[in-house]
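As structure tokens, here come the structures.
Shared between the two complexes below is chain A, which pairs with chain B and chain C, respectively.
Now for the complex of A and B:
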């Protein structure tokens, strides 16, 4: 099989390389291509730092896409959180295309990084940091609507950043008009590709990634979409994260399976009410505590108790056995 | 509760209980009060030492090892003074030290840092 290089793909797509003349940025290389825009690595020549520059895919003035890109930049600007990629600048290129620049994240996508983590607790702790970012966005009235492994980056210092807020929805805003914009398939240039199916429905657009978008998102019921929709995506993400063990024979604990099942329930009302509630259940599982999603039987409670207090139980048992043996054998 | 106070209380209680088990040894039953007081004091010292260690070092395995060491040394001193009962004193004494070492690592508040 032969692969096309970036330049050949550029020619086939008929898109032009953005002209950054007159801006403070110098283009370096293509990083990724999305449905709405392309992300390049660029050099901020004033501050001498590398940035990621997102620009509309093709030259021309598609007013709706332009508005959407500006809106994405504004949403990102509102979400100042260590788990959300920060936006630096927004502007217009000489050819009329809107762009914005954000932090250039050097690291790996979650689906690549997760292979380095062997244990479930390590992977769950990483997942909780994604939940932190999502919970923060929800608290600011923003839904991501496209949470998936490819949209989470883990930096070289272990920082977890939620990326690509292009499909984000502001809960307070009226959505009917803007949801008619078709956001087409999103494709990364690198390695395993994830394709984002797009179907226009009668009252909205299906936006998201199959396997990670909630049933209401799949049906295009945009007015039904709320925080629980992102919880579904996070549930699917949790399944991915927890099941990405190098040891495939390792079965997921039942409580964790139940947490995933509750988060990805078909009906939104059966899911967790908030990301914080969801994350709290994952934390409780990590701490060896009972979780709200699963009712244990007596044996499971005992097993969990033993696992949680293993060292104490072993030490006390060792003491009691020693005491008994000393009394029994030495002083009969 | 801070780690030193936790170690002190737990060490004292476990030391007293450990000393109290001497009641089941008829040969030393007459000296039970002295044994309980001595064992309580031994537990108290081991508990404080484990608590101080836990404030400096944050590691459960090292805490258990330190507890084992302190429990062993204190029990050895007592056994040497008694000129006998080495196993009966040293084995359970070391285990009590390990329990206190573990508990001070796992529970109790560490050093509070001042916030600007």
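Now for the complex of A and C:
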């Protein structure tokens, strides 16, 4: 039997711990482990700042996953938006594993943060910021495909960031300027790798999270997936955000229920056409305006009208009552 | 039957369950497994801790395993009280102390059939590790030393199994890459260097290394499972060894 020296034993024991020697980063601690890779907190020793470093787990290292990680980094690099976690750098470890670094978000996951918000309007305003990020990505031809509370972080200053774009799908081909991205000083990713990466999430592959995944996504009909699939996930997210606030016995307003129902309709054609349209309905509900998803009866219209113009109605009523009393006593 | 100490025998039971079996063949297999996994750690431990000459340490090691069988010590192991590894080390300590005190080498060697173990390799390894058997480290560091030697023994046997697997499946190249990078590992070698050395695309190196590591870990986990006294111990050991909870 071969004699294994101490170094070999350490390597075999801890081979999943990335060796960052030769990079500008120093490993700090493990933040999260997902299906595709592991996220560590690391220190950028040149800029003296903390970053989040995502790298494939050794056990799962293969060409397909490598392509997916590269692709995720490239997608993030194209999506410069305050609601999308920014990518800083992409590189290769000495063992060949690709990694990328992104902003280290100090804060809470949405499912934890939401407990701090009591009122529905506060929660809906937060939800609208998630919609902003999704709408921006859609405008750039990118679908997230895994929108759920665990993939949204709220930073310590209230900034909302959509994370984990590992399952994202590109609807549009990148422009010529986006064809090549520098991975490390030595290595470049070609458009051929991009094509392979698309195969990774190709036909028949079921990816997503049950409960937040659209029916067409659950069926693995990847060709059918478009922006309305993300709208389904956002609808499920809206239900979570609005309902978890509440005293369970209290029902959600009917208009809000209808918005959720429309967004999570089984058939994609019955959902909102775009995230902007969906967000506009939520905003209208917040402002006390009628929403496209719900036809009100006359009493509901009056109730909403009263709620929206409560102070003016009270002032006018007070004025009319006073006027009536003055006239009544004057003519007596 | 495999040559003792050369490879890890296959059993569907844990070593403790096999030792308690009514089937003599299972009990014999349990001892064989223990030989494979523990003879080197025990030998090196006894050699260093009791400052024994090589021949005396060899006799003690042989005698200890014989006593394990004769006195049914494995059947007395209680997984709730300690790890199997700690139990074996304490048994070896107790045995060695008694033997050294009685100075009865003849008795120990007399009735026992010695198993052919390659003690010269163990001696060579001690020299490679630059450990001077004459200098006796502290008891704590000896316990650590025993732990480390046990891991080395487990991994060495897993590597041997991996080599066999690679040969059976015609994946000698994967083993060669694994050996070059993970076992012999030069400090700054990269996958790109390996690819150049072996005339392969980097993606091939990546895939073959991933496969070899995955198989190595699977084999090591299986052997660890066999060597643990209980599922709880296995879970603890797996976490300590690889930082992961077994599925």
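The rule we apply is simple: the second predicted complex is superposed on the first by the 280 of 332 C-alpha atoms of A that agree within 3 Å, B and C clash if a C-alpha of one lies under 4 Å from a C-alpha of the other, contacts with A are read in each partner's own complex, and residues count from 1 in each chain.
One rule holds in what follows: contacts are C-beta pairs under 8 Å (C-beta built on N, C-alpha and C of every residue); 3 or more make two chains touch, one makes a residue touch a chain.
These figures come from a predicted structure and were not determined experimentally.
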- Does the superposition put A:66 against chain B (first), chain C (second), both, or neither? second
- Task: Answer with first, second, both or neither: which of chain B and chain C does A:327 touch in the superposed model?
- Result: first
- With the two structures laid over each other on chain A, which partner does A:311 touch: chain B (first), chain C (second), both, or neither? first
- Message: Touch test for A:283: chain B only (first), chain C only (second), both, or neither?
- Response: neither
- Query: Which of the two, chain B or chain C, is in touch with more residues of chain A?
  - Reply: C
- Query: Where does A:319 make contact in the superposed view: on chain B (first), on chain C (second), on both, or on neither?
  - Reply: first
- Message: Quick one: is A:94 in contact with chain B, with chain C, with both, or with neither? Answer first, second, both or neither.
- Response: second
- Intersection of chain A residues contacting chain B with those contacting chain C? none
- Residues of chain A touching chain B in the complex: 311-312, 315-316, 318-319, 322-323, 326-327, 330-331
- Considering the complex alone, what residue numbers of chain A touch chain C? 1-9, 11-17, 22, 58-63, 66, 94-97, 186
- In the complex, chain B residues that touch chain A: 18, 21, 24-27, 60, 64, 87-88, 91-92, 95-96, 98-99, 102-103, 106
- Task: Mind listing the chain C positions that touch chain A in their complex?
- Result: 6, 121, 124-125, 128, 148, 151-152, 155-157, 159-160, 179, 181-185, 188-192, 202-203, 205-207, 209-210, 213-214, 216-217, 220, 241-244
